[in-house]
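Working notes for the structure below.
Chain lettering (A, B and C) follows the sequence in which the chains are written, and residue indices restart at 1 in each chain.
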Amino acid sequence: MIPQEKIAKMLAAYDKKKLKLATLCSHTALQIFYGARAEGIKTIGLCTRERKKFYDSFPLAKPDEYMIIDGFNSLPCEELAAQNAVLVPHGSLVEYAGSSINDLPVPIFGNRNSLLWEKSREKMSHWLNNAGLRTPKTINPQKIDRPCIVKFPGAKGGRGYIIVKSTDEFNIRVPNPPTGTLVQEYLIGVRAYPHYFYSPISKAGYAADSGSIELMSIDKRLESNVDECYREVAVGVEVKPSFTIIGNTPIVMRESLLPEVMEMGKRAVESAHALFGGIPGPFCIESIIDENLNFYAFEISARIVAGTNIFPNGSPYSLYSYGEPMSTGRRIARELKLAAKSSQLQKIIY
Amino acid sequence: MIPQEKIAKMLAAYDKKKLKLATLCSHTALQIFYGARAEGIKTIGLCTRERKKFYDSFPLAKPDEYMIIDGFNSLPCEELAAQNAVLVPHGSLVEYAGSSINDLPVPIFGNRNSLLWEKSREKMSHWLNNAGLRTPKTINPQKIDRPCIVKFPGAKGGRGYIIVKSTDEFNIRVPNPPTGTLVQEYLIGVRAYPHYFYSPISKAGYAADSGSIELMSIDKRLESNVDECYREVAVGVEVKPSFTIIGNTPIVMRESLLPEVMEMGKRAVESAHALFGGIPGPFCIESIIDENLNFYAFEISARIVAGTNIFPNGSPYSLYSYGEPMSTGRRIARELKLAAKSSQLQKIIY
Amino acid sequence: MIPQEKIAKMLAAYDKKKLKLATLCSHTALQIFYGARAEGIKTIGLCTRERKKFYDSFPLAKPDEYMIIDGFNSLPCEELAAQNAVLVPHGSLVEYAGSSINDLPVPIFGNRNSLLWEKSREKMSHWLNNAGLRTPKTINPQKIDRPCIVKFPGAKGGRGYIIVKSTDEFNIRVPNPPTGTLVQEYLIGVRAYPHYFYSPISKAGYAADSGSIELMSIDKRLESNVDECYREVAVGVEVKPSFTIIGNTPIVMRESLLPEVMEMGKRAVESAHALFGGIPGPFCIESIIDENLNFYAFEISARIVAGTNIFPNGSPYSLYSYGEPMSTGRRIARELKLAAKSSQLQKIIY
């Protein structure tokens, strides 16, 4: 793990008037570039050669500049630092960079510790419990007494998750469970994914810790094939549910549930502060709401999530905080500007 | 029931240049406050102490002023009247105030009679039939010959509804049916909830009665757990469907269906006029559309519905009527202004 | 088929400064009229007498002028031509005009050949294959070995499609299959409908052929009753799935899938060019995405689709191309203006 002091030093050497935002061309990159442009921040797209044509086809959302990379494994950190760039982590970066993300010698937007806590199922479990969030039960694979979802380590966007209903079925379908395999009770309810932004330097949102939390938007994920398997069931086709995320659809939540949503966010932020130094920037608490309006948090994403892509022009919630179109991507650029202006960059970057 | 003349008298004493809108901090309050602000109307939030922090976290959607209430049962009507406030009824107000809403000594936006017709299943049935709307059949609990949905009186946001398939099952699961229990055939189709606004003073929309109807937006409700029970079915878990509303998702309808949607709204408005003096303001006809494109109206909400929360910045339909972002919440404030300006407040307030 | 030269001649006689857009009052007409107004193009609504009231109720989306028609079968082509009108084809026009569309003596936006290739299942199959798109398998009705969807010729908005699981079932349910009946394997996955716009005169989008492709938006269709039959299954009601489209809901797709979406569009455009002279204007590739993120294209719509009605004010994708609200309807009007200005109308009209 690269020490915080080292990043702080790099940051100190940055030209604060020429800060740039960089990210991998994937996941939420269009939104991040578009949002940064609205805030007058220059952007760098870390892009494979074959994807450049795609990003180029969006005149207002392509990066100001590309750095062509051979794959997602090697990032030109030195070059980024030379350009005063702050790297924005998103799902694809976390997935592809893996734990090497700890050592990237370039300032990262947010607290890079949080990405480790997202990546490890055990750490995340500890975090959720420490925050006092209601979670689905973790089940011992040799004592499965109800339908469970089996989540493998490093599963990519839900791919490969399976359902088992007994220990026998588990043993047959997963003869050699890799270390880090998680067996969770299968919850019944409706999923909702609130997108938060925690700012340690603003006081405009929902008061938490020394800063405040904003509700940016809410989505529901579309997973293939489970989200259309009702059709197969009706048709009479046997279907093995799979959970590969293919997109997102917008939702709003019953207003009377939102105060609890904000409290959940607050507890996640304060627990993050206690456990690993905080979680400045965007995050998401993946939730299921049951018929009695109880929330269950089954995951936390400690960075921008793809569901925010629905709202590059603002959401029904960000509208209530901003007199202009405010996406999570733009909010990141705004935070960078605010922090630079008030000399608080070290609070939001590691 | 407080007499209309009494409210008219109170209203006559109001300072028409200082009219305010008040509502309970719940349901659609953010949208109402945000919309009123866009129209330059001051707002009062009737808020429990613990929810104030939540509303405060939305700088542009919090009320201009709070009146802290101990619960939802006692409303400071005198104080509201002293402030020239018109109370906007929404789902939570109807639910919490119950039938005491009839007697609230404060002007209410719309016709308070309509809230009684919404509240009583018998009255609503009468209204739907009088309007000539196709409805699901009401079934005698002792003659259940098909899958039915059992709706209990005062069910809150769908909570507690159950499905039964026979009289035997009904008798076992509902040994002592409370007065007002409704057994309805279970319809097969896709739900859609068009949001209307009826203005007795504008002629810009779809002509009805002496005024006109505007199509504000359309949503589909998300209900827990029924809206994800397809997952359980696919997974092989037995599930008891429940119908607790947890949120809403936006839809548009086939354009060739919309003329009928408007006719349905027109008939509901004209029937309301004949039955109980009219329904100025927002309303919603909860519908199911079957495979032959037949509409079935299974409920009417005689006030703003939560599905409008998706569209605080306008919808794909309100855009076609207004050159600016027009939500149902804002439309309420606009109507108040228009009526005040043309001395027609008594047409939209009781 | 009316020869292209004849249309070109008519177009040559048009007053290029007074071009109008005309369409049937149905399907996507509100969006098209609203979009044309934003571009300063006058519109003509071909409208039945009984629908006029509905269109009149949207002050900003009604046509500038109506031509009242008795039904959808007879179009006043001469009158349209006298008014310098270009006819915009949409789903209802294709459905109601049938193959007589070939002979309409009035300029049509896009290439009218493409509508024939959409209409004939055999031609469409050839197109999809020629474009190298992965498609569901076509099954010989006498060799049905898996669940299949049976699509009848001229099925209107999905109405009448059925599911069969064997040849026996097919023979019983479809004793006399009409010519053009298509039996397709029933695919398992999640549907997504990307909306494209191909311009032969712009270079701003994704490079294809001599022009470029823009990603306008993405939707998912709502079909009655199949899209809520999960409720019946959970409730224990037997349900025969039907596929009548009743509306649309917005989605965004995983960003890493979008480069493939654009490539699919590019291949469809280039194949169209080779097979029948090209497909200028809007189109849609109806897709299913399976759990391994494979796309299957099961249809192409060679004109504006109803899913674009969600986005009259622009979408999360069109925002990235335009600094203003850009719907597909408005994009059509924009293209007409651009082509007229640069004397390239013949490239986008036949």
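Annotations
Criterion: a contact is a pair of C-beta atoms (placed from the backbone, for glycine too) under 8 Å apart; a residue touches a chain by one contact, two chains touch by 3 or more.
No experiment lies behind these values; they were computed from the predicted model shown.
If you lay the C-alpha trace of subunit A over that of subunit C, the rotation comes to 120 degrees, to the nearest 5.
Looking at which positions face the partner, subunit B and subunit C present mostly different ones, since fewer than half of the interface numbers are shared. Distance from the subunit B centre to the subunit C centre is 35 Å, each centre being the mean of its Cα atoms. Shown for subunit B are the residues that touch two or more other chains, namely 229-230, 232-233, 239, 249-250. Across the complex, subunit A meets subunit C through its residues 26-30, 34, 50-51, 53-54, 57-61, 92, 157, 159, 222-225, 227-237, 239, 242-250, 306, 309-313.
On subunit B, the positions that touch subunit C within their shared complex are 147, 163, 165, 186, 188-192, 204-207, 212-215, 218, 220, 226, 229-230, 232-233, 239, 241, 249-259, 262, 289-293, 314, 316-317, 319-323.
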